[in-house]
Amino acid sequence: MKIITLLTDFGTQDNFVGVMKGVALRINPDVNIVDISHNVRAHDIFDAAFLLSTSYEYFPKNTIHVVVVDPGVGSQRNVIAVKTTDYYFLAPDNGVLSFALKKQEIEAIINVENDEYFLKPLSNTFHGRDIFCAVAAHLSKGVSLDSLGPTIKNIHQIHIPAPLRRSDVLIGQIVYIDRFGNLVTNVDKEALEGYACDFKIKVGDQIIHGLNKTYSDAPNQTPVALIDSFGYLEIAVNGANAKDYFGLDKKDLIEIFQC
Amino acid sequence: MKIITLLTDFGTQDNFVGVMKGVALRINPDVNIVDISHNVRAHDIFDAAFLLSTSYEYFPKNTIHVVVVDPGVGSQRNVIAVKTTDYYFLAPDNGVLSFALKKQEIEAIINVENDEYFLKPLSNTFHGRDIFCAVAAHLSKGVSLDSLGPTIKNIHQIHIPAPLRRSDVLIGQIVYIDRFGNLVTNVDKEALEGYACDFKIKVGDQIIHGLNKTYSDAPNQTPVALIDSFGYLEIAVNGANAKDYFGLDKKDLIEIFQC
Amino acid sequence: MKIITLLTDFGTQDNFVGVMKGVALRINPDVNIVDISHNVRAHDIFDAAFLLSTSYEYFPKNTIHVVVVDPGVGSQRNVIAVKTTDYYFLAPDNGVLSFALKKQEIEAIINVENDEYFLKPLSNTFHGRDIFCAVAAHLSKGVSLDSLGPTIKNIHQIHIPAPLRRSDVLIGQIVYIDRFGNLVTNVDKEALEGYACDFKIKVGDQIIHGLNKTYSDAPNQTPVALIDSFGYLEIAVNGANAKDYFGLDKKDLIEIFQC
């Protein structure tokens, strides 16, 4: 049984996700379809790229990861299939794979053009159903990557901000906010390894001293910084919503000072 | 492996959906249960009917479609099982199958009365668990339709509004609003085929000129009309929520003028 | 195919649930993972305990029920695996199993310590992924309970309020409010059996006379009391939200008077 994962901004109010699963099951009744999330903010390619990058490695080898956050659906943007050493990815060519592919060795990139594997009639607005899930299901049944279309060399990239070093200060950026309001930054644990165990993190108007291991290491309603479960510096507030507590949002900066 | 789909207004906060799946798996451990949506507005039979009608055909033949939007649960309303050429449907007899059955040839309608296939003790308020999922699981295991109860001739219908033609004007109605705020009308693409390529659509106080292919054909924050992926005229606003933009809601009218 | 159920407060916006499923499928590709709910209120152990207690029995024997509502993640709290006659339970030792285990005969309680079955590196903040789902998947593949860690005798309990009898009055408490706003109390149907068929229920400032069978037995917008599908006295308002109607919340009291 092959696995297809779905990461979309379709929400769970309508029937979009169910219909996509129906299409895949009609093509391959044995496929196992796993939801990563359907509640990516509408059209937020960056959020989807981040969520994919922290998800895909936890799945079995040869899982087919399908991402449909696709504001350009029906326009001239391409659909791409990417084979890495370990996984398959199927997505619009809008940069949504940028984060994930940084950590994978790419074996082939295909411009998915062969409409033999599309649902007909092809709509202009629901390629999640007509192209992505149909093609993924064919792939899961053993259709070869080559048969999907011609090989291409380059795909669109989105900018992934890196932490900046300005003399003694490391400047990080909030790249994701989870449902608990925890602020995930682009500072990974490797970037903090050069530091002495003592440093200060400036978040909004407040200073957090050093790292803790987990949320409950801080007193209730108190800010805490930790390396989160995906390896990134995360700012949280024990028992509260850090986004609301600090009034910060995605793209806002934090500063790390050596003591 | 047989497929059961679920379309309900039970939401995903409580354990209702999980419990229904448990019941089905206890009866048939091999069944594959696929969610269409559990976020139909509470008791909104019309929304459920519309969502079912645009979903069921994408699933493999002989899929068992279960709809539990059932404000009359525990009262005298019947539970019906309908066999069409391609599918099985199981629902309360409240009209929720009206849209879907317009496009399917009906082979049999059964009044589901045989409590041999119900969960015991039978509750008065959760027939999704005690009747619908239990019976669907038995069906998926090969129990014959006939054994569920007597054949009946008629089932309840709900009114499905058709577009009205008034001299030169075609008057359509908003029948569904998706999570992006797109306004889906009851005007299907066949109804527009008689028109010259140029027509105007009056939506609220605004005029939209002709159809585009996809959302991004319109400038950002601009209204656009298109045939959606299920074949209906849809009013959207590129990059925005058309419901909020126009201040319109379900049942509101739009007008189509030949130029 | 073994079944794992998941009951968490992780929500469905982020990728937490998808990642947990990936981990389980990597360990046991044949496991069937069923969501009970991921929308337990953040850190609400009581709600999770109640939902588990009304869910687990509907699943096939030997289902592995995993609960991750775990405000103490990464602190010194234990992870426990409990084997009852019919099921396996895996949860933080914070009392979340209290309701469910009242009705099951316990065969063994294990302090899950053997990190051989954990995902590495073990994070401090996402044991749902690194411990709970990994261990559950190993269990589903046949790993013995004994190999997970030492047997222990006692686990944490949370207080489950029982109805109080004060002379002629039975005082119940609201223990759960579902997505429709129905008020579920701790008064089970057995507690009401001693009563004559006529009694009055005081809810907020109003009196409800006796029980009805189902919501629609009451006129529209009218309060109704019934035994719900899990056997508890429930206060509802036909066609409306009882929580809003009465202005009541969890832990608020109701009173039952013999006539």
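When the chains are written out, they are named A, B and C in that same order, and each has its own residue count from 1.
Just so we're on the same page, a contact is a pair of C-beta atoms (placed from the backbone, for glycine too) under 8 Å apart; a residue touches a chain by one contact, two chains touch by 3 or more.
These numbers come from a predicted model, not from an experiment.
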{"item": "Chain contact topology (line, ring, star, complete or other)", "value": "complete"}
{"item": "For chain A placed onto chain B, the superposition rotation in degrees, Cα atoms, nearest 5", "value": "120"}
{"item": "Distance from the mean Cα position of chain C to that of chain B, given in whole angstrom", "value": "31"}
{"item": "Overlap residues in chain B, where contacts from two or more other chains coincide", "value": "12"}
{"item": "Chain C-touching residues of chain B, taken from the complex the two chains share", "value": "10-19, 21-23, 25-26, 29-30, 42-43, 71-75, 123-126, 129-130"}
{"item": "Sites on chain C touched by chain B in the complex", "value": "1, 3, 5, 7, 12, 32, 34-39, 51, 54-55, 58-60, 63, 178-180, 213-217, 226-229, 234, 239"}
